[in-house]
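So that you can tell them apart, the chains are marked A, B, C, D, E and F in the order they are listed, and the count of residues begins at 1 in each.
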Amino acid sequence: MSEQHASPPDSVAVRAAVAAALAEDRAAFDVTTHALVPPAQAGRGDFVFREAGVVCGLEVAREVFAQLSPALALEVACPEGSAVAAGTTVATVHGPLSATLSGERVALNFVQRMSGVATIARRYVEAAAAGGRARVVDTRKTTPGLRALERYAVRVGGAGNHRNTLEDGVLIKDNHIAAAAQRGLTLADVIREARARSPHTLRVEVEADTAAQARAGWEAGADVVMLDNMTPAEMRAIVAGAPRHVIFEASGGITLETVAEVAASGVHLISSGALTHSARALDVALDLRPA
Amino acid sequence: MSEQHASPPDSVAVRAAVAAALAEDRAAFDVTTHALVPPAQAGRGDFVFREAGVVCGLEVAREVFAQLSPALALEVACPEGSAVAAGTTVATVHGPLSATLSGERVALNFVQRMSGVATIARRYVEAAAAGGRARVVDTRKTTPGLRALERYAVRVGGAGNHRNTLEDGVLIKDNHIAAAAQRGLTLADVIREARARSPHTLRVEVEADTAAQARAGWEAGADVVMLDNMTPAEMRAIVAGAPRHVIFEASGGITLETVAEVAASGVHLISSGALTHSARALDVALDLRPA
Amino acid sequence: MSEQHASPPDSVAVRAAVAAALAEDRAAFDVTTHALVPPAQAGRGDFVFREAGVVCGLEVAREVFAQLSPALALEVACPEGSAVAAGTTVATVHGPLSATLSGERVALNFVQRMSGVATIARRYVEAAAAGGRARVVDTRKTTPGLRALERYAVRVGGAGNHRNTLEDGVLIKDNHIAAAAQRGLTLADVIREARARSPHTLRVEVEADTAAQARAGWEAGADVVMLDNMTPAEMRAIVAGAPRHVIFEASGGITLETVAEVAASGVHLISSGALTHSARALDVALDLRPA
Amino acid sequence: MSEQHASPPDSVAVRAAVAAALAEDRAAFDVTTHALVPPAQAGRGDFVFREAGVVCGLEVAREVFAQLSPALALEVACPEGSAVAAGTTVATVHGPLSATLSGERVALNFVQRMSGVATIARRYVEAAAAGGRARVVDTRKTTPGLRALERYAVRVGGAGNHRNTLEDGVLIKDNHIAAAAQRGLTLADVIREARARSPHTLRVEVEADTAAQARAGWEAGADVVMLDNMTPAEMRAIVAGAPRHVIFEASGGITLETVAEVAASGVHLISSGALTHSARALDVALDLRPA
Amino acid sequence: MSEQHASPPDSVAVRAAVAAALAEDRAAFDVTTHALVPPAQAGRGDFVFREAGVVCGLEVAREVFAQLSPALALEVACPEGSAVAAGTTVATVHGPLSATLSGERVALNFVQRMSGVATIARRYVEAAAAGGRARVVDTRKTTPGLRALERYAVRVGGAGNHRNTLEDGVLIKDNHIAAAAQRGLTLADVIREARARSPHTLRVEVEADTAAQARAGWEAGADVVMLDNMTPAEMRAIVAGAPRHVIFEASGGITLETVAEVAASGVHLISSGALTHSARALDVALDLRPA
Amino acid sequence: MSEQHASPPDSVAVRAAVAAALAEDRAAFDVTTHALVPPAQAGRGDFVFREAGVVCGLEVAREVFAQLSPALALEVACPEGSAVAAGTTVATVHGPLSATLSGERVALNFVQRMSGVATIARRYVEAAAAGGRARVVDTRKTTPGLRALERYAVRVGGAGNHRNTLEDGVLIKDNHIAAAAQRGLTLADVIREARARSPHTLRVEVEADTAAQARAGWEAGADVVMLDNMTPAEMRAIVAGAPRHVIFEASGGITLETVAEVAASGVHLISSGALTHSARALDVALDLRPA
């Protein structure tokens, strides 16, 4: 499991994402609720997990309700990161019923998605731990507009974060190598140029599809080598033959079924886009009861 | 299949979503590409579907590249809505290689997600057609911030759209009924209030969990009755016993396996949150080749 | 009078409109007040109606002062919707005099305009009540940027709201019919297409200029028929000859003088752009007195 | 008539006002037009003045259509400032019919309001010209959010502009004098403080309710004296008795009936809030015809 | 020294500038602090002036910390405008250490720059006072985006403000005169046009490079004459030969060494771009100590 | 000199900074120019360097004029990075004179500041080159809101960039070490924690005030050691005694006079806040001539 702190997501990003979601749903123009629920009516609503999973996104739900009414409060029963069974009430919102109902769908859309990511991340982390000490990390294959929230969900699930943006890491991928080859550059040239022309605060990582490319990478000075779409056996051989200071990241098509074997190969990091790009929303509901 | 036009998504929303995604990825600060690709180098990149599916999101990809460089152009080989086999090149971007690489991930994140939604929508539509003429529609269980794009992907897949926001439809759900019951109102009272207090341009739809509730709904004047979590047999009985002018929407846990049977029950609409909240990203890649 | 709740305007829209108005007036750069009023000087200012009318916009004025100084408070003497005589003090602002003076014009611009709309709406509602039970409603002929506030003022005046936007109602107007006719479509075709291609949560309303068009409209399935620019007698005849489930909206050139007679014709709704597009600002002033 | 150029309104403000108005009307979600008008259908729409008036706002209408579709073009038949008779076609929009219809209401809302302001301004200017050479100017009693557009309409009507914001003029009003009096300051003290503490690029104007106040104002060094709510005879006597370098502004309750007599009193400026705060929207329509 | 109040900068501008600076620095993504400082750890940080100067910008620093954490508080030891010796602690921030460290650089960037401006302004004011009573003022040569803060720093230093924008003063510069000359206009024509076509609330100032131009300026009615790049002796002669009501502004290349002599020439204002465009950042540090 | 590409600044940031600067100056409300320059008058304006320096910011000036009028064009005579003598015309703007004059001050404010930064950077780079091969780099001590532009100016001057934000580099400063010491952590603990808890794509840099701290840093695994406020002799000794893979950055109070000696000490990087926080604006003017 990652040693990275599960530091909370950028509060500016959370506020902006929530405001955008409420505007998108036109929560202030909720014709049904305006017609049926008097402003003074109060109530309580329980967030109930209809299936087992890892709780995530309650602070975002809190922001949803805060933006709709300062009189709404959220009581958290199961803090972020809790693994809960089906049927568990993880939090309760209470206060004006009108604002509760106008925000219900948006709050659930966040909680269901973020809990889905945290749940799948937790599964990967637990599966990998059976094989070795590799850190499971996410990728930049996140939902456009929700990266800060999804990366937070990954941390809540116990996994770590890869670079966040194109700025905080030099990652030389196949397309960069192909582009440089068109200019007559070898892999060694590419790594030297990347090193010379990027800020000294960044490491240089290079993608390798074969053992030969991997060796060429570290010999040319790459700090990190990404082993793309290799078998655990191939990776084990490469890691075993490399100097100790080289860091290896396994990538490409790793599943819950294969992650333990990959971890056992000796790589330091295992990255998986599946943590975010295909996470299923968890089934969570809001059940009303009298105030 | 829906008769709704697959009208394009709001261009203002597309521009905003793309700008937000590029800022989120800090595409203008791509240290790797800035170090390795000279501004004058040109090239071509093919969008290749690595698995079969329905093409969607190419116009969003076009906007991604347009925002990065006015010199980039996208040629579409397979228009939106095409069902393609694994290995198909659906579009090609050409122009400055630097901007192409800085936008690659963001463009793919949109195309993979939107094609994923269009593909699952197409499957539901085709499965339902085997059972009857019911229109498959989406829900408001969309990704926060991406509703306009996901609803468009649903239309590209051939399905229809439910209401877009809390403003363009009166939909009385279980929580509204429960809230009103706390004030001593019957279901009939609720429907009458909703009718009297909402704009005359909106229909009134009510959720029903039982046949009795469904009957109470239409007798109190609801235009549409949502049959929630019922078996096809239950729905068939209800529809058969109702006046012809009542519209029925089936909802709740409908899967690709059950949708034909639901359609055969005689309901007019089948709504499914799964179209958007749990769609898997399709496997799409950008393959570079010389200009 | 409408049964719609006078639900408050979207607080996000209020905050944005107030911030824009203060920026437009450069209230933070008030050279006169900065030169003459020391920050520590306090005072009270009375909002006085110089002519009779319906009070509206005080909550917007409160937001104006709140954005300028957290130390300003507004005491409301006559709540929104009160009908007051000339000379009435409807509210008092007290706290820092400097911020009061910098916000005076913007606060008055909102209150004068909104009270003007509420006052004319009240007059239409009262005049219509003398003729029958029709609901008076507004139109989309609102001031660009202020629709949420003006629609709220209409509700405060006791009238109702028509659809808010192009999304929350299908309204087939003369230009739509003309456009479809260019494609060879009949009115019946148009209504069927509109029904088939729009979300099931919306009613379909069609504009009719003659009795024949009105009949064609309901026979083709329109839920609502707008009778445009007809005499009360013409409308009475049409309503009398139509099935009970058809809803009629009178529209076009209805004045305070004619609205009772229109209401007596049996139509269900009377819409008037004059409620918003030509409402005169009420004469309201801010009178200072020692703190 | 003013010698001020009728310089166009700030294009940034125009773009922002139009974008806000289209968003407010959800023009991109026009369910009726999407259902009925195919994207490829083209047409022409004439802007027809149903009543006589001064044309204003066509460039704003052009921006409305430009934001909806780059394929829409506006041909202007009667340029801004033209005085036209009822029934005149002042401009024609042609191109995609769908975008034309989605923007119709917003475009008309701008043109009707701006033409209303230009028309009333023209009437005041013409009426004042019969009495003397005073310049008619507007006030800050404008519609929140639309000041730049309304001030432009005032110029198109031939009148001039007073200060635009709280920053570009020192205007000491009754409330400032009252506030200073609470601190024991005389009118002369107030004018001296204002002079000493404001940028040297601004004149100092002071409001006077009586002849004595007016004299005290100019004697204390005010550059401009506003004569508030005085009769033409009172104003004539004050102007006659003042040094030539003092500038006089007449203000308060001046109507089309009285403006000539006010102008004849010798004042240099006549300001009227009625130009903007109570201008009636002109009756303008968009009439479709085949492309 | 100026009699202008040192009114605080626009709080909207402060909030926006701070939010932009924190986003620019990605303070919410501070990888070092997130790795090393637990959320619960508290501490104190002293703002220490490493060199002598005038304190300015502490309220902006307060806003920086407020945006990062509501639990951070700033205690001010030396209020804005204090002249302090090297080594002085001017303020202390205390609360969560993590947020303190994430905001340190941004807070210092503001305080160092604003104190630099206030310090140089103070020096100019003190030097000028030795020569005469002229008011030292700034120019529009400010840092893009920071004008409100820099003008505030100028006031804190004891100097005054020239016009803020292109709207709050008519200032006819050499390029305007040259442009008008291309149309055949004399300087007198230019001044008359400017007077006739600008709001009556503004004075007219004209730039003069020679004594002849200066005389032509006031004879044509300019309220203010800017004497550009003249020697003190030239300025003294011009001022002595002019009517008393003409206001003179000295401008162009005035330094700390020459400002007293310029002030002694009898001009009313001395403007200097150096106050803002070339102010050196003061050396200020944040020193941590246990909570 | 740096091998980093002088990649252009983020065009989104440029557009935003220019729009903000024009709004701040209210360029659309330029009363002087509106009064004096007819819209149709054209002209040319030369950007003339009044003192020698390195040209920078012309593309930002181009954006200024483009936002004011699409009819304005900028011809560049001396491209970015040119070292020019006093009196050189570096670019010419031509087109509508009105827009040229309204944008003059804002364009100059950018060019003067950016050229000032590029010029000082060039001097540091040239001075350092006399001593050794160290790369001169900037810091985060930039003007709030202008970091992207100032870092670009640094590159144009030939220097390199340190990390851009708090996210793209782990930099453990004295305050982080002090904070950790309060928790009982040694320097070695701190470096290990930073390594374990931050993304693997980032290097770890640590600040050292003494030779002992420097050694502790690299022994605990720091990739980079910042030598703060040391003499060249001290630095030379430390570098000589360290393993070859350790990277050294000299920092603190390095001036044009000392930079060569520092470079000669063998450090790899020399960072200087003076490049941005105290750069003097260069003297640049816009001289009009007939079109």
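Keep this in mind: contacts are C-beta pairs under 8 Å (C-beta built on N, C-alpha and C of every residue); 3 or more make two chains touch, one makes a residue touch a chain.
Bear in mind that the values here come from a model prediction, so they are computed numbers and not experimental data.
*Asks:* Which contact partners do subunit C and subunit D have in common?
*Replies:* For subunit C paired with subunit D, the chains in contact with each are B, E, in label order.
*Asks:* Measuring between Cα centroids, what's the chain most distant from subunit F?
*Replies:* It is C whose centre lies farthest from that of subunit F.
*Asks:* For the interfaces D-E and E-F, which has the higher count of C-beta pairs in contact?
*Replies:* E-F
*Asks:* So subunit C and subunit F are the same sequence; what rotation in degrees superposes their CA atoms, nearest 5?
*Replies:* 180
*Asks:* Determine the centre-to-centre distance between subunit A and subunit F, using the mean Cα coordinates as centres, and give it in whole Å.
*Replies:* The computed centroid separation for subunit A versus subunit F comes out at 34 Å.
*Asks:* Could you put a whole-Å number on the gap between the CA centroids of subunit B and subunit E?
*Replies:* Each chain reduced to its C-alpha mean, subunit B and subunit E end up 53 Å apart.
*Asks:* Centre to centre, by mean C-alpha position, how many angstrom separate subunit D and subunit F?
*Replies:* Distance between chain centres, rounded to whole Å: 46 Å.
*Asks:* What is the distance in Å between the mean C-alpha positions of subunit A and subunit B?
*Replies:* Between these chains, centre-to-centre, one finds 23 Å.
*Asks:* Send over the residues of subunit C in touch with two or more other chains.
*Replies:* 4-5, 29, 31, 34-35, 38, 164-165, 167-171, 196-199, 202
*Asks:* Considering every pair of chains, which are in touch?
*Replies:* Those chain pairs which touch are A-B, A-C, A-E, A-F, B-C, B-D, B-F, C-D, C-E, D-E, D-F, E-F.
*Asks:* Flag every residue of subunit F that touches subunit E in the complex, lowest number first.
*Replies:* The contact residues of subunit F facing subunit E are 17-18, 20-21, 24-27, 29-38, 41, 43, 45, 97, 101-102, 104-106, 108-110, 112-113, 116, 140-148, 165-167, 169-173, 175-176, 178-180, 182-183, 190, 193-194, 196-199, 202, 273, 277-278, 280-281, 286, 288, 290.
*Asks:* For the complex, give me every residue of subunit F touching subunit B.
*Replies:* Going by the criterion above, the answer is residues 4-5, 7, 10-13, 164, 168.
*Asks:* Enumerate the contact residues on subunit D facing subunit E in the complex.
*Replies:* Touching subunit E: residues 3-5, 137, 160-165, 167-171, 196-203, 205, 224, 247, 249, 268-269 of subunit D.
*Asks:* Quick one: which bits of subunit B touch subunit F in the complex? Just the residue numbers, please.
*Replies:* 19, 22-23, 28-29, 31, 34-35, 38-39
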